[in-house]
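Structure record follows, encoded as structure tokens.
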Amino acid sequence: MTNTQVTLIQIDNYGPWTVTPEPRREVDLQTLQSRLYADLSQLFGNREGYVFFTRFDNMVAVTNGLDSDAHALIQESVDNRYPVSVSLSVAVDASPARALGVATDQLQDAGSAQDRGRTEILRGDPLADPERSGDDVRIAHFDVNDATGKYTDELNEFDSFINIEQGYAELMRHMRTDHESLSFFVGGDNIIAVCDALEAAAYREAIEHVRDAVGVDLKVGVGTDRTAQKAGMAAKHALETCREEGTDVEFA
Amino acid sequence: MTNTQVTLIQIDNYGPWTVTPEPRREVDLQTLQSRLYADLSQLFGNREGYVFFTRFDNMVAVTNGLDSDAHALIQESVDNRYPVSVSLSVAVDASPARALGVATDQLQDAGSAQDRGRTEILRGDPLADPERSGDDVRIAHFDVNDATGKYTDELNEFDSFINIEQGYAELMRHMRTDHESLSFFVGGDNIIAVCDALEAAAYREAIEHVRDAVGVDLKVGVGTDRTAQKAGMAAKHALETCREEGTDVEFA
Amino acid sequence: MTNTQVTLIQIDNYGPWTVTPEPRREVDLQTLQSRLYADLSQLFGNREGYVFFTRFDNMVAVTNGLDSDAHALIQESVDNRYPVSVSLSVAVDASPARALGVATDQLQDAGSAQDRGRTEILRGDPLADPERSGDDVRIAHFDVNDATGKYTDELNEFDSFINIEQGYAELMRHMRTDHESLSFFVGGDNIIAVCDALEAAAYREAIEHVRDAVGVDLKVGVGTDRTAQKAGMAAKHALETCREEGTDVEFA
Amino acid sequence: MTNTQVTLIQIDNYGPWTVTPEPRREVDLQTLQSRLYADLSQLFGNREGYVFFTRFDNMVAVTNGLDSDAHALIQESVDNRYPVSVSLSVAVDASPARALGVATDQLQDAGSAQDRGRTEILRGDPLADPERSGDDVRIAHFDVNDATGKYTDELNEFDSFINIEQGYAELMRHMRTDHESLSFFVGGDNIIAVCDALEAAAYREAIEHVRDAVGVDLKVGVGTDRTAQKAGMAAKHALETCREEGTDVEFA
């Protein structure tokens, strides 16, 4: 059984900040957001966590192995280096979607995302060490079959992008609705899903669903381990096996 | 009439690099991609251009005002600071979609995105200074009405994200198909579209289309100027007017 | 005759900020300082200026070609992305040291570096375009003869560093006192000096002075141009000529 | 007794790279160097280490608590994100200077810093966990008395800088020669020294030496702990005590 620890990261009062006193230059906002994401990737990643950029003002991390002190230190490090601060909310559940639901509730209970007084919240209980196991995190790494040959080298780049986006939009909804899993676009033609303890059949069915709905062909490598980093790397190796063997679903 | 100069940015041979000799750590790839995007935002932005992250390995920029030398210098600066290089292809057209189509063709003609020998291509003819005018770039800045109140402060963060994504996916397709415009998600609940010389009715119709299709309520501010930076800032101010006046479409 | 435009960059109220309410983690301060310097290098560098890190909380830039608007935009960009703001003071003189003196005076007149109310000052008059010429900036690029063979590959790294530092300390004082020039260590065994219109004899004499005082052997390439970027690149090429010809002083 | 673990970080074959095939733009080299330093600060700092920029192409870190795997991962992370790679050499000794001497020897034995074939060396034996204690690292944090009042707000910025540099140059030599300690300028008026198990008298004597030699008045806070991070933070708090009490030397 999986036991996913999810952290919701929310920039405090970000919307109002971007337009106060005047709208800030878009180029600086883009730089700020993508660098904050890069730094959080390193801060969580150096502790074997994964962060997904999601909406940039709200990010989602898989943080098995990070305790409250590690979260507080990350919060402090952001505060020391950015003009904005972040709130963090942690929750654990077999279902990644339910974990994120609880994390969201905890943060909403503390106040609105646009409440000036609600800053640097840190809520929730990380998974204690004795409760952790080698099956806690399941990561599925999807990519598009021959994306370069079929899209990048053939279509207008925007149409390539629309195809990839459609595949992603369909997969994210399906995995959320049918499998309580959270899927994130991570660039190129790659989607990483944080999953419940799904079997191979579920992945096959998801791939078929996306192919039927929008005509995008996916394959997937799946890894399971104590941390996002380890499960994710196992998933990447399994995806390489798909590539070599011409298969659709491989478990590490 | 608009005269949009578009630059397609493509990381050379990136897919193979990410898995050679072994799959590289996801956290480092995420950091690399988002920092490269941040740097390109600054490099183009310091010359009044806009860059959109799109798929991260392929990015799209609006570059009116940047000549070939400026493009070459950006290419050199990336080469001096990253383990990967980028190819750039520039094209100009009243229709942003057609401009990107030409830019894509030029790059595809030079070889595959995964061709090891095809690196640091620089193709295409920027708009010469005497041909430039104050109507060249039209930027539309959309956001979601009361996204914080209706989504962020109410739903599971992933469901908020699904809603925003659905709104984006619908708008990007519609604007591409019906209006030859390129729409990019830029974080939060914001979408920036690079448009042809559309009238207010077209924006109203696009907003209705998205509302009918997926139930997401958008509003939009539109700006027109010589450069992406100036047009984009005008669009932001127009969007502020929407917010103050409770209107759906405002031109700067 | 040179006509050096110098900009003094000062982080506002930085000392107190680093210890309020508690001393901040050194690792975050180091990251903040070096990234701010990297960003300023790009922000000024994209406009052909050079920035030197100096003390990190006070930096010195050579900014021929940057007007007040460019300075204001850099200030705004820092404000949008950092938890600290910067003040800028610009001055022009044939003597780089006198220019920096005027720039310093202007900033001191506006208040103390630790005055909470003195933020984002922008003072001074950049050189107007009609007054600019191709002789405005003279850059001398020094390095240590065979630093790798004599120091890096032979001594305890700290003793290599002490030797390089001694060479630098001696050169900076001498160039300041005798030649009104500003010398900056830029990493490795490299020192870049912003100079008055010195002749070859002055550089030869400076090299001898450093050899006699601390036994460190330098050579230097000198370039002159409209901007720091162009003069600096010419100086680098001249230094390559020194390397190839075994000479001590070369002018581009 | 202290037991300092020191890591020498050396960019592989950096000198030749900076001028091949042509001298690279200084602004990009400065950006590369300072960002690499910032990233190493975070990579080591997230594991409670300290990194000092030293010459930028050679950096020195205090790494008690980091094993070989942690070093290898940092090396891999740099390789994944930069156009250059780094070699690392680790050594442990009661004397920081001797530890760095051994670390330097190990790297020199592996080949020249400008040997193209000598890349990503990882040498040396980190301190094993059972041998570690709470006295392993002693950090002394010096600053200049009233630097803002006496220098920054009074002198030409370059003369302020010369004063600070002179104080640093004198202290670094003295602490190296008389106390086997390694002192690093960290910006502003701050110097951090990694020390042997010195008593208060030794710090007093060092402060007097610098005052006599170059007229710069220092004070110092000293901390001792298992890691650089903890010892360094204790030193900062001790330095705050100096400030409040008007004393010259304080131990945490």
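Labels for the chains are A, B, C and D, by order of writing; each one numbers its residues from 1.
We adopt the following convention: a contact is a pair of C-beta atoms (placed from the backbone, for glycine too) under 8 Å apart; a residue touches a chain by one contact, two chains touch by 3 or more.
As the structure is a computational prediction, the values presented were derived from the model and not from experiment.
Over half of the residue numbers found at the chain A and chain D interface occur in both copies, marking it as a same-residue contact. More inter-chain C-beta contacts link the pair A-B than the other of A-B and B-D. Comparing mean CA positions across the assembly, the chain most remote from chain B is D. Spacing of chain A relative to chain D, judged by their CA centroids, is 37 angstrom. With centres taken as mean Cα positions, chain B sits 22 Å from chain A. Taking the mean of the C-alpha atoms as each chain's centre, chain B and chain D sit 43 Å apart. Touching two or more other chains at once are residues 25, 28-29, 31, 35, 42, 46 of chain D. Listing the residues of chain A that touch chain C in their complex gives 24-25, 28-29, 31-32, 35, 76-77, 79-83.
Across the interface of their complex, chain D is touched by residues 39, 42-43, 46-47 of chain A. Of all residues in chain A, only 8, 10, 14-15, 18-19, 23, 25-31, 33-35, 37-38, 41-42, 44-46, 50-51, 53-58, 60, 97, 100-101, 103-104, 108, 112-114, 148, 152-162, 164-166, 168-169, 172-173, 176, 182, 186-189, 192, 229, 232-233, 236-237, 239-240 touch chain B in the complex they form.
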